[in-house]
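Here is the structure we will look at.
As written, the chains take the letters A, B, C and D, and residue 1 is the first residue of each chain.
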Amino acid sequence: MNQQRPTALEAFPVLIELPVQWGDQDSFGHVNNTVYFRWFESARIAYLEQLNLRGGPRGPDPIGPILASIKCDFRRQLTYPDRVLVGARVTRIGRSSIGMAHLVWSRGLEAVAAEGDSTLVVFDYQAGRPHPVPVELRQAIAALQGAVEGA
Amino acid sequence: MNQQRPTALEAFPVLIELPVQWGDQDSFGHVNNTVYFRWFESARIAYLEQLNLRGGPRGPDPIGPILASIKCDFRRQLTYPDRVLVGARVTRIGRSSIGMAHLVWSRGLEAVAAEGDSTLVVFDYQAGRPHPVPVELRQAIAALQGAVEGA
Amino acid sequence: MNQQRPTALEAFPVLIELPVQWGDQDSFGHVNNTVYFRWFESARIAYLEQLNLRGGPRGPDPIGPILASIKCDFRRQLTYPDRVLVGARVTRIGRSSIGMAHLVWSRGLEAVAAEGDSTLVVFDYQAGRPHPVPVELRQAIAALQGAVEGA
Amino acid sequence: MNQQRPTALEAFPVLIELPVQWGDQDSFGHVNNTVYFRWFESARIAYLEQLNLRGGPRGPDPIGPILASIKCDFRRQLTYPDRVLVGARVTRIGRSSIGMAHLVWSRGLEAVAAEGDSTLVVFDYQAGRPHPVPVELRQAIAALQGAVEGA
């Protein structure tokens, strides 16, 4: 398992693996910065699925996540071909907000390629305003990864 | 001109205008978060062109910018159709790094849709390491937008 | 007006103008092939808006377009910076299908950069099957661009 | 192996597997048409790597492929989550051109989701014109997948 889940990713309860596609590279010949945010999104969605937080602006359930803020620190340039592991974990829970950390691990470089930090808001898309983090959501996060600051 | 350049954008010496494309929207029916980073990139490139900082990992000149970090705070959800103004300005200059602020203004909403902050590093792609910000670059930034912290 | 609407585009009743973004370029240093399909889509949507064909898989109206097939012939390599004009026009109308032609004109090259051809099907997203092209749609197309084969 | 390589893909000597990402979906809630062309590209690149055709507009070797034309017939709507198998095979070899067929297989639907057809031109990026298909390239294709029309 060590081979598949590097130490740097051990803290991440949700982890997805994605290929670097040739077309992810830009004119500088390395993976474009926007692609990292697509990877973060995919890991975030995978995490939220485990919480059963599936509502949104469409469909019967109006309570869903909205991305309020996101940051990426780029550590290494990536190129095709490669495969990345992308992790997501909750770092803090506020009244209506959830902080999430991300990590991109390059299998080719055997190194951390990027670190990310985001803030989600639990949003009532029908009312058009933030909604308190439901207690079941807090419990689901705790069940998935243990205690979290602010939870 | 007031109509074309809202007050919030007055501090930005470089400003580009882009259409929201239908395909910029994701399954939630609003502009996907990765698109904002594409817009920031386009404004950043437009700014750097004015500085004549054109080197990169390919071509004869190895001294070029590399994106070290970028953040976006999302203020408003955007939908098609709309047009956005995207601004870029330098906020700080370090030994090898340049801080840049971004703003996305929605013409349709007549409101700030997002704010961004990034750190570029002047990179020597041949040597594979950061390069001090050239004095001509500092002068070009000053000429474009006046005094900057750390310059 | 000749300057803004080249002869090659005269047959196109709907025309949009888009900037080439730096990030549209791939590792080969020219605009990636997928970007042309995004441009075609934007012109197609602009055309369909004029027909008031706004239904889809979501929302109250289930009758909307679905893309059945699309082709692009690439004529010229494009690079940043440039601006493109993208045209859409209906070329044929079948029982449930609509043929559409596209053209990409490069302002920088003053040349046709790509030609496209697509087939849309009028789809009943509720019933999950094709729907005959409504007579009002045929009339709206005729009003927009004159007689069409099969109409 | 039958489970991993459906009959429809048997004719394809090169096959890649990719996840559908949530962000691949557009406002209609299904995978956007441009994504299929990204998938085709990834399979095409994987095929070309096996041929050792690695030249391009940059780097020491100027002889590389250029995409002249590409078409996609969409058979099924795709949604997240899913995984796709994407195949590439050469269908014809001309003086300077190579025809390639593509297939997208949905693991979730257990069905063909799309079929594609493209024309590549062997291009001399230095001379700026097509280059005859090298005999070693013809041999490499034959070795990979057997006899091809026009070869």
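In this section, a residue touches a chain if its C-beta (ideal position, glycine included) is under 8 Å from a C-beta of that chain, and two chains touch if they have at least 3 such contacts.
Remember, predicted model here, so these are calculated numbers, not experimental data.
Chemist: Which chain is most remote from chain B in terms of Cα centres?
Modeler: Relative to chain B, the chain whose C-alpha centre sits farthest away is D.
Chemist: Tell me which of C-D and A-C has more C-beta pairs in contact.
Modeler: Most contacts of the two pairs: C-D.
Chemist: Give, as an integer number of Å, the spacing between the C-alpha centres of chain C and chain A.
Modeler: Taking the average C-alpha coordinate of chain A and of chain C, the gap between them is 35 Å.
Chemist: With chain centres taken as the means of their Cα atoms, state the distance from chain B to chain C in Å.
Modeler: A distance of 30 Å separates the two centres.
Chemist: Averaged over CA atoms, how far is the centre of chain C from the centre of chain D? Could you give it in whole Å?
Modeler: Roughly 24 Å separates the two chain centres.
Chemist: Residues touching two or more other chains, restricted to chain B: which are they?
Modeler: Those would be 22-23, 29, 32, 34, 38, 41, 58, 80.
Chemist: Where on chain A is chain D touching in the complex?
Modeler: That would be residues 16, 18-19, 21-23, 29, 38, 41-42, 45, 58, 80 of chain A.
Chemist: For a test of understanding, state which residues of chain D touch chain B in their complex under the given definition.
Modeler: Residues in contact with chain B: 22-23, 25-27, 29, 32, 34, 58, 80.
Chemist: Sort out for me which residues of chain C touch chain D in the complex.
Modeler: Against chain D, the touching part of chain C is residues 28-30, 32-35, 37-38, 41, 56-58, 66-74, 77.
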